[in-house]
Amino acid sequence: MIVSVIGASNANPELVDLAEQVGRELARRGVAVACDGLSGVTEAVCRGAKSEGGTTIGIQPGSDPKDANRWVDIPICTGMGYARNAIVVKTGRAVIAVGGAYGTLSEIGHALAEGTPVVGLKTWAPVREGRTDEGIIVAKTAKEAVERALAAVARRDGGWQQRLPSGNPR
Amino acid sequence: MIVSVIGASNANPELVDLAEQVGRELARRGVAVACDGLSGVTEAVCRGAKSEGGTTIGIQPGSDPKDANRWVDIPICTGMGYARNAIVVKTGRAVIAVGGAYGTLSEIGHALAEGTPVVGLKTWAPVREGRTDEGIIVAKTAKEAVERALAAVARRDGGWQQRLPSGNPR
Amino acid sequence: MIVSVIGASNANPELVDLAEQVGRELARRGVAVACDGLSGVTEAVCRGAKSEGGTTIGIQPGSDPKDANRWVDIPICTGMGYARNAIVVKTGRAVIAVGGAYGTLSEIGHALAEGTPVVGLKTWAPVREGRTDEGIIVAKTAKEAVERALAAVARRDGGWQQRLPSGNPR
Amino acid sequence: MIVSVIGASNANPELVDLAEQVGRELARRGVAVACDGLSGVTEAVCRGAKSEGGTTIGIQPGSDPKDANRWVDIPICTGMGYARNAIVVKTGRAVIAVGGAYGTLSEIGHALAEGTPVVGLKTWAPVREGRTDEGIIVAKTAKEAVERALAAVARRDGGWQQRLPSGNPR
């Protein structure tokens, strides 16, 4: 299974630490990470995932695989700039947002629009007509974020899972 | 000049009326409207713009120009689903959001990420760490929204404007 | 109606002249031109269309409307680089290729894959297993190219045409 | 390293066999395969790669990872239809075309436009002004195709290669 992790390229140490933990927790459960493969939160999540032997996918805005951070196993080159946000979000069965700037906000919007579960760690709270939208599942720790994301996927997909010849869960 | 207008495909009568007024106000100032060319807010803004002789551009998610509402002059077929949101936003010198659901939230995020002015009419207020983000310029009426959008473009572009041989402002 | 015109950004005077004539012939028939809005063949077709009062749409690879040549009325900013080729092709009811380099070849492939009529003027002839593919309608003059493109659209669409409130044919 | 393999979804047994061999040859050299992850040539190349323990990436036109053939390890969901062709091509350091229909032609055009080496096995030969374009490196066997693709990458990149912490070559 793949879960997408989103967040700002400029992240403070607290968010970097949180993202790295999210990467570790996903990898320990055999879940691959998709992200934009660049810096800040997404570099930290890749580093965390690799420290536990996970798989990391970098869906990059540009055309050069060397733009990816060094923890990316699979660099996907879209050459589409910000439009790659839609692909990052579609590729994960769930999305975990760690902090985040405006690009993260666009990804949250894409994910919620498509019915993909979104778990938030210190991220945006979209408010409309004075009320906080309840689309984002709020978590306090990396472990809770990963557990709630996987639980949401299981609820949505009815526990669907497929094992490949290689033994990798999709 | 082109201004993009975004909002939900399911809109109540108040938002439909507001969107139609936005279309009229833009057309009266010689500004073309870009949107997704479909229903709800974007149909209303096209109808308003045409009632004042404006130009309407529908940047559609699908591949069939007949999907556009009947007020669209220029149907652009992206065949890219939600990824067209990035194109809708990039095509306008400013963005006016009228109400809106999650797709609108993704477009607001894209626009703010690129430094495109966003004016909001009864739309999302993104909150982070307990504070409402001040990226969105809040307006109360259609006229105010259009005026504030054009003023923001003028500030950003230093009044840049180009006239084409056909006399259409770009 | 919109017809897309494709071709290389570096074009010799013969191709530039041919492209300009294509633009004129389309505009005389009330057909709008879609292209990438840049230089070479696509600048020439826009210039030709404007000289006859036509409408020109530039579906650009970048994010800045000022990248468009001066004959573009409607600059669409995709920010998607080469992936905009798919949008250029989808937006026209038919495609006319004038000369062309590798980017044009990709657009011809996209159009043929989607069943969009392609008319060629001194352009690629794709050969497979020693036989020239017959997907491209070959024309010798700009007038013939435009007439054959419109005839192909009429055959495919059963003469479908819609008139908008503004009187612009879609 | 990643090499992209393209070809038609309807392929005769000869092409299917050839594609499967290409997958095997790539996997034996530790090269991952990127493709659209669907049927015909791309299913065969994935099956071949997995039979030798390789890694397979399916850059899909749709939004559902279950659309991928069963030999895909990493399903990337673009939701962009034909526009994913540009991403398939950008993601590989080289492209191997096995047979192919019009979609393959568009991918060949994209790759050549970006200077990505293209090796052809019984695929298109684009002709312009009566001369066959020499952009495509023609191969006769799967082994020759893979060897020529890797040699072209080495020539272009000056032997650049990066090893990741996981030991996977990028």
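Observations, loosely collected:
Letters are used for the chains, namely A, B, C and D, taken in the order the chains are written, and counting of residues starts over at 1 for each.
Quick note on the criterion: a residue touches a chain if its C-beta (ideal position, glycine included) is under 8 Å from a C-beta of that chain, and two chains touch if they have at least 3 such contacts.
All figures in this text were calculated on a predicted structure; none of them were measured in a lab.
Touching chain B and chain C together: A, D. Of the two chain pairs examined here, A-D and B-D, the one linked by more C-beta pairs in contact is A-D. Mostly identical positions are employed by chain A and chain C in their mutual contact, as over half of the interface residue numbers are shared between these two copies.
Ranked by distance of CA centroids from chain C, the top chain is A.
Centre-to-centre separation of chain A and chain D, using mean CA positions: 27 Å. Inter-chain centre distance (chain B to chain D, centres taken as mean C-alpha positions): 40 Å. Residue positions 63, 78-83, 86-87, 114 of chain A each touch two or more of the other chains. Of all residues in chain D, only 63, 78-83 touch chain B in the complex they form. Across the complex, chain B meets chain A through its residues 80-83, 85-87, 100-110, 112-114, 122-129, 132, 135. On the chain C side of its complex with chain B, the touching residues are 2, 32, 34, 50, 53, 55, 57, 59, 63, 65-66, 68, 70-80, 86-87, 90-91, 93, 114, 160, 162, 164-166, 168, 170.
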